[in-house]
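Dropping the structures in below, format is structure tokens.
First chain A sits with chain B, and in the next complex the same chain sits with chain C.
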Partner chain A sequence: MSDFEEEFTAEPNLKELINSDTYKWIFVGGKGGVGKTTTSSSIAIQLALKNPHKNYLLISTDPAHNLSDAFGEKFGKDAKKVTGLNNLSCMEIDPSAAMKDINDMAVSKQGEEGSTGGISDLLNGGNGGMLGELTGSIPGIDEALSFMEVMKHIKKQGEGSEFDTIIFDTAPTGHTLRFLQLPTTLSKLLDTFGGLTKSLGPMMNSFGALGKGMDLNAMNKQMEELKTNVEIIRDQFTNPDLTTFVCVCISEFLSLYETERLIQELISYDMDVSNIVINQLLYADGDDECKRCQARWKMQKKYLEEINDLYELYHLVKMPLCAGEVRGLDNLKKFSSFLYDEYDPKTNNDLVFSLKHDF
Partner chain B sequence: MSEKSTDMDASTRKKLALREKRKQQMKSKGAGSTRLQKITGGANSLMDADSVLDKPKPVVSAEPTEAESMDFMKQLAQKQQTNANPEGMPDLMEMMKQMGMSGGEDGGMDQMMNMMKNFAPGAEGMAGQQTPAVTPEIQLYHTSKLKQFQYRLLFIKWFFILAPYLYLLTHPENSVLGAFFNDRKNFLMIFSTIEVLSVSLSFAFQNKLERVTKYKQTPGGTIISYLKFVPNGILPFDLHKVVTTALTWFAVVNGALIDFSFVIIVLVLLSYYHI
Partner chain C sequence: MEPNTILLLLFTFFILQKINNKFHIIAFLINRVIFSNNATLKEILALNKEYIDIKKEQDSISAQDQYGKWTKLNRKLDAITAKKATLNTKLDQITKENSAKVKKIENFIIKYPFIALKMYYGKTLIFQFEHKSAISRVLPDFLEQICTVGFVGIPKTFIKMLLGFIRNDSSLSEFGYKKGNGVSIGILFYCLESVISEFLGLFSNNVFSTIEVPESLKKGVNNNNVHESLD
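Showing the complex of A and B:
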């Protein structure tokens, strides 16, 4: 291979991602059911194993969480270390729990100031509060809360964050794209709001008198702070040295189609995509007697050819379909090793049947 | 040490070269759609092959140039002079659209509105799936129908109800009005009843029209549309609702005051000519 060809050949593994010192945010996403959680957990484990001096946080932003199931231990809305891996923590963003926290804070504040009774008590008080119930069902609340979590870490970055890199196990494509659009949308909204407060300042002040104890200056200050943080997030998300998106797919038409759409959307947001993980490959060539597996592998090969052709400049990582579920830290460690050193069906075939079932 | 740094340089160089090549590959003209066509074509699929990358990107400049500002001011002045809008107020949003400035069709405000729609209940969040807005023709039809009704109602109220009533009231010897209507003490009660009836008729017609045109005209026009950009929860009360209610009441009081002015004018004229 000539030097020129070598320069434009991407290795079929995630070595570059795992060995990189610069990434702060790694998003893992794709169509539903392609193995996003397994892949994000595997990437997080490999990062933690290969860089023991660094701390990693794996956040699930999917409303249907399965990080706890993947690792075989319960994670909640606060970061908790993975048993057996000291430099990897996990958390699952739970909109209803987060809204309950916000609601509880509001109720305790109201308690300090004295209850006003009536409708506000009905909305805030009681079992979790009607407000919490209502806000929990707002479309896009998961994305907004995930974004709030990013904001928290952005604030902490200045003060020396606990985590060097945050990996997102994202929800299926539509949700993720909405989440990634949030910084741009918020930034534009805040710009418009800034312009409005300037032009409608006197009117806002007169209305301010109607609001109970409302401080417009403090509100403007908070808006400015929010705007600064949103812009930092937007800049970091579009910086390919700080943020990357790992696409996960399977070798089938719908998954390939959605992956291509996702990549194009991400490129339109100026986000970096350089790694694609292709899961659930059957490798049923050799002496596999299962006719169904052979037929399916034939179909997978057809789409693999297409993937190789379309994404020759991307790191294409091909992962096998295992006989057992990839759950529990030990199984994930075994499986994830093939993100770093590519899987060879001839020499590594024992992986398929060697996963433990006693997690 | 130097060998390691050379290795690092080589890998970084390769990474940057690949990144650049990927960008070129994706952003070359028509590449996005071609790639999607290749995928759908290979599978005989009927899925959409239009790419977001091939849609023209909005050119958004943060600050309009001096020439743009001058041009905008000229068009604003011309629009006011031509008085195309019955109220003499130029529709700024419409003008921005026509001018294709930031905030026009190419992006800015429109793009933001579309993005906000993506977060609305039931929205899919994917590009190209927004529900179509009410067309300007329907808005114009709605406004003109509403105004036509209001002017007709005002005409009937003034010249067929208030004016004859005031004439008869200032001539107590008439036998047309009964004792109740002839009693001047009951004037305010009767006047307010007429006002309530006319306002109710006006709102009933407006609601009926809204059901037909599926367009809701907000009182206060652009002020209210700007207030919609204030995200919920920032203010301790619903500013948008407060301003809308205030403006609605303002319109009702305004109407009553105009009618009262008419009553005074009629009374002055009657006292001058007949009494």
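Showing the complex of A and C:
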């Protein structure tokens, strides 16, 4: 072990993350079914509770949203404050609703300018528009819309955003990695597009009919603006003071395997990963009568040892499996407190059976 | 130099050139002597060996039973792969530069001496006809004279004639070449070269020709090779 490693032992909690003043983006991700939504909601609640002077936004980018279920109240595509927590808002990105908005905007703009006929009418007009139908089913549209949301907040940052930190409850690993690759991919794409418009621009300008309703200069300006924003996002995402990724897993082979893959990918994107939350631990030692629990706990312990060995410089937060679902603000508050002060199965065992089940 | 010696020398160069074009012998020798000591190549070879050893070790354990050890080995493999990718890019650059150098060396060893030899001794007669009449009046006199002078001699002769005209020197202003009475090495070798090249082409295309593996099978073949090399 190096001197640095001997001196540095990461605390098994998220105190450093929760008390930090610098983070603007916190991503929470992992394999499906490991408790990403519970963990992201818990982190958001702890941030809101420990920093009452700040405003937080929790966004779900998972196409199968669970935020409304986790908090026990309905959230939509617009940020809505959590009942009982004034400085925390939630929103669920809905691709079909967002596409409908974009379509409506296009239709109303067309109405103002008058119908031009032809393909654009066919795509935008009618009941919902073919464009809406088509784009709704494009692979990766969820990631693209989540990215648009990030862009909106990046724009607002300059004007003074109402949120200090945005927490992302992400979709399972594959989606999330695609989403995080978007700034780099878009940046390359915009560079190529810039080159193309430079060389083809004069030719396109000379085609009067093609240029109808298409101002190349305005389009170039928009592209430049988009490129600047994408670069800001890329810089912010790779700045460890502004962005961090919290990995969520359970103490089982497949989950750990995917977590390792996720961490290695994130490192290759230059993203900061220093926290891992291990959920659903049974802590079924000697006095527990359930034999199945004891057997599973034995397996979990084996993988916990491996986790401790593999990620010794990470904050490894171990969370218990509760008897009931962790839903509703009160339950989440109770559960999330152990992200701040580590859970001790001997003294905090009452948490497992003390959650309310009035949903 | 005796005409037969020149012919033998030309043949040697010709065969050498053909063999080298097919089997890249000079490139191989140069690479063997100079390139095999290249630090990047040595490093890649060492990394390949290390990769195979680690992969063998990783394959010998169960990921589920020894997850920690398996993952650490996996990280090592990833690190080696990344390092190899960087070194391969560097090696590609070196190979490109090296190929240009090899090409130059090949030109100096074979191509240029061959051309120089052909040009210098091209007009040396290798066969002579006993009776001039055997070849005379096949072509008009002027053309037969040109054939004797050869393609290289034509501009030289016309420059000489022009100089003679300017200087009013009658000895220079005449064409001044007598018709040859034999076959020169240049023309013989030109004919032989064409025939031999044709034969070599036929031989090479039939003996060394390979049937392309279908694209659909290529992936499978590569994977099998990888597995075989790792086993």
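We take it that the second predicted complex is superposed on the first by the 334 of 359 C-alpha atoms of A that agree within 3 Å, B and C clash if a C-alpha of one lies under 4 Å from a C-alpha of the other, contacts with A are read in each partner's own complex, and residues count from 1 in each chain.
By our rule, contacts are C-beta pairs under 8 Å (C-beta built on N, C-alpha and C of every residue); 3 or more make two chains touch, one makes a residue touch a chain.
Since the structure is predicted, the reported quantities are computational estimates derived from the model, not experimental observations.
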item: Combined model on chain A: chain C and chain B, fit or clash; value: clash
item: Dominant toucher of chain A (residue count), chain B or chain C; value: B
item: Touching partner for A:T192 - first (chain B), second (chain C), both, neither; value: first
item: Partner chain(s) touched by A:L256 [first = chain B, second = chain C, both, neither]; value: both
item: Contacts of A:E306 with chain B and chain C, given as first, second, both or neither; value: both
item: Shared contact residues on chain A - chain B and chain C; value: 253, 256-257, 260, 264, 306, 310
item: Footprint of chain C on chain A - complex, ascending; value: 253, 256-257, 260, 264, 303, 305-306, 309-310
item: Footprint of chain B on chain A - complex, ascending; value: 6-8, 10, 16, 138-140, 174-175, 177-178, 181, 184-185, 188-189, 192-193, 196, 200, 207, 210-212, 214, 219, 223, 240, 253, 256-257, 260-261, 263-265, 267-268, 272-274, 302, 306, 310, 313-314
item: Residue numbers on chain B that touch chain A, as the complex places them; value: 11, 13-15, 17-19, 21-23, 25-27, 32, 35-36, 38-40, 42-43, 45, 47, 51-53, 109, 112, 115-116, 118-127, 226-227, 229-231, 234-237, 239, 242
item: Parts of chain C lying in touch with chain A, wherever the complex brings them together; value: 63-64, 67-68, 71-72, 74-75, 78
